[in-house]
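One chain, chain A, links the two complexes that follow: it is found with chain B in the first and with chain C in the second.
Entry: the complex of A and B
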């Protein structure tokens, strides 16, 4: 493990991205649109009465929280990694004396550092605009923070593993899109999972998708019992472990198989 | 240059697109899966919404489904060639950014025609078929009769919608000539998502914004309303005038922006 190399990559990319703040803030605004749409739709829908334990204030808080969590966990490098494998430009990264994953990690950290303050500011303004009532508990916030770290790691590994499949299939961007759609459906974006029909809700609890966005949000809102929190960490930890092993395997096999022509 | 030559060129662009994309077979299967999933997502979202409440701001489930169908239809038509062509011009890694626009300028064909139709994507055809199915199902659930005259009006409103969308995208991609690094085109798709639901569902200020500032209203809602026979002829006329103005504006802006282009490399 070449940690110094990794840190240097993060630093270098951070400066690069800071110089293009405007671009990333535009992107971040785009990423925010979908949750804002669902916020507006749902706050209209619950105007007649609470649904699944969520009243109007809960729905607004839920989606404002979700915007931040979504931004904090959304990985960006899987598209570029798949693209680099597809057109052969990944050769340059393979030649460097640091593990391949460092390049992706460096970018992830840099993008998040650039985007999060901006997104948080917008969310606070939105919250003030909706006159949302907010009560915070230290314990709930700490659990949510831990869940957020799990979520970011899990979401990154899931997308990164899929992008590595491009070593075999040349193109993996359609599969990446399928993955993004599943996140949209099953991670609590289209509606809080508590509003889902029972069977679908149970299924969602087992799949990795709930743990990449919804779980930290539910924890932050204090919607979970101690047992639910425990099982949540156990399931997402299991998925992380499995995907980490898979990523290692795919990187090893894939880079051996990889060939490219030209310079 | 004869009109036929333009059509032949379009045919060639489409053939090239098919050859490009069918080369990766697993990707094709995944695209199909993606279409299925986004359909499931759209319908699922509406089902959950109305499972819990009978009507939202005066909109029934079948009507909302029809709006979703029209949204998917407009988006798939846009995705066939307008969106891919515009992204190739002013998107991320597009020609203006990389400097390969030189080669485009040198081609012996009308510039605006070429940059508008050269890049095709075949996948939206799946979405197109699915969206027609959704509209059909919604129409049946509402027991709406589709007469010839309402279909003609619907087609007219679709042309207006696409014209407005095209003009907006041309305006946004032309901005790349003036200020490199603003990928405003990217968030276009995100903003369009507001059309998934009838704009009548949104709070008043948002609704006004979506009608007059970013006209999702004319792009998705008006065709849907024409289909549901909820629209007034005045809306269609207003849309037509807006389209003509935007089209003229964006064409002038694009051609003016061309002069701004300085090649990035040799």
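Entry: the complex of A and C
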């Protein structure tokens, strides 16, 4: 497993990103822009009364929570992994005695360590500005934390599996764009899923996208029943298992293909 | 002694997409793509003993890098087998990757935003080098490659030569027992090339490492390798001592002489029955090409007939030998 090597890769990326923190904070600000705009739109929309069980305070809390979850789960390496495959620089990684995925994981951890404190600070300031009321419960927080871990793993695997398609096609970036769009539409960024039409809501519950952002946010806000929490973990766990197997398969087949045609 | 690297019938064929120029062909290729097969390496076999330094030479596109990639595990061969340090390279088992290092002059292992020291430390961890070994290796590398002042610099701020030195340090930090060096001195100045060669020689001597080296700087090969593998158009055309290769390809010597006045011409040489070919005249300095068996006689005649101020006999430059093979396509 070479965990020592994996930790070193996180550390190395972290040092690099710390020296470029300005760039990542700008990037993080960009990622926050859309949720903040949706927050403003929806808080106006619910001014006349709650929609789908969300009043003004819920909407603000929902989007502030979403900003943090979105940041904590957004994978950044899938773009670079595909690029490394396309331009052949992945050869250097293939010659190191650590699994290929460690390089992507190292980068993911490092980006999150650099960006999360900044995003959290901005979210706290926004919360104070909106005079949001917040009630924290230990049980709810623990469930939300577990859902966040599931969400981060699921979102990473989803994007990483697509990026590995770069071993076969030059067009994997287009698929990554589609994936990002689906996350945007179906993960609860445009609006809380509870506000979606029934049929779309049912579909969203089965697809992986809800579980990469919306599910931990809903859990943190205490909007889910015990049964919904159970089924949420079961469905996201199933997607994680399936994607982990797929990633393993794509890595094995992909590197074999890569080493057949030349790096 | 058993071979450290043994390649048997190694071949590699690439499938390359091709199409005619123009819009019609571009559209047609969307539905019916056409491929050509390019045989980059054809049935290559050789053995390298532990601790041997072998030069792998050949013109551009001869198949050198493809072969090195198969040996390192980056490429899967179309046919044939390789046993390197008891491993099949393209399985890329961590045990094998721990034992080797591949330095590609045109590919970087440095992390752009990190300092050189941080990158070295990451490699230390990846390869499981202990703290005490790391300190010792780093101190040796600093001494030999003059790295001291570079350790705290970010890689993006290094010059090409400094970067090459650091790449070399990264490649050797874990003390690999097999070194695949693909153009290792690319971009280095002459002084640095000399120091690096000296370090490769020292590394090979001290640790008994096996080294396979490709370089377009023939002086890299001539100064480090007694044995060369010559590959041309994917085929191994020569495997043996470098000196023997020179002998076979260019059986002549280069005679350089300076006379007290300008008087030597090809006609004059013929008149004096000196079997030599005048290849260059610069004032009163002459360069002659003389068949090896005629060298002594020609030398004696020149010394006795003319007032010679300076005289030397050398082997033809290696570049000339290699150029002859490349342009003529083989050893004949």
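Following the convention adopted for this analysis, the second predicted complex is superposed on the first by the 258 of 263 C-alpha atoms of A that agree within 3 Å, B and C clash if a C-alpha of one lies under 4 Å from a C-alpha of the other, contacts with A are read in each partner's own complex, and residues count from 1 in each chain.
To be clear about the criterion, a residue touches a chain if its C-beta (ideal position, glycine included) is under 8 Å from a C-beta of that chain, and two chains touch if they have at least 3 such contacts.
Bear in mind the structure is a predicted one, so any value in this text is a computation, not a measurement.
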item	value
Which superposed partner A:31 touches (first chain B, second chain C, both, neither)	first
Broader residue contact with chain A after superposition on the shared chain, chain B or chain C	B
Contacts of A:226 with chain B and chain C, given as first, second, both or neither	neither
First (chain B), second (chain C), both or neither touched by A:91	second
First (chain B), second (chain C), both or neither touched by A:17	second
Chain B versus chain C as contact partner of A:5, first or second or both or neither	second
Which superposed partner A:173 touches (first chain B, second chain C, both, neither)	first
Set of chain A residues, in rising order, touched by both chain B and chain C	20
Complex contacts: residues of chain A adjacent to chain C	2, 4-5, 7-9, 11-13, 15-17, 19-20, 88-89, 91-92, 94-98, 255-256, 259-263
Of chain A, residues touching chain B in the complex	20, 22-23, 26-27, 29-31, 33-34, 37, 40-42, 44-46, 48, 51-52, 169-175, 177-178, 181-182, 184-185, 190-191, 195-197
Footprint of chain A on chain B - complex, ascending	24, 26-28, 30-31, 33-34, 37-38, 40-41, 44-45, 48-49, 51-53, 56-57, 181-184, 186-187, 189-191, 193-194, 196-197, 201-203, 206
Residue numbers on chain C that touch chain A, as the complex places them	14-15, 66, 69, 72-76, 90, 92, 94-95, 97-98, 100, 102, 104, 107-109, 111-115, 118-119, 121-122, 124-128, 154
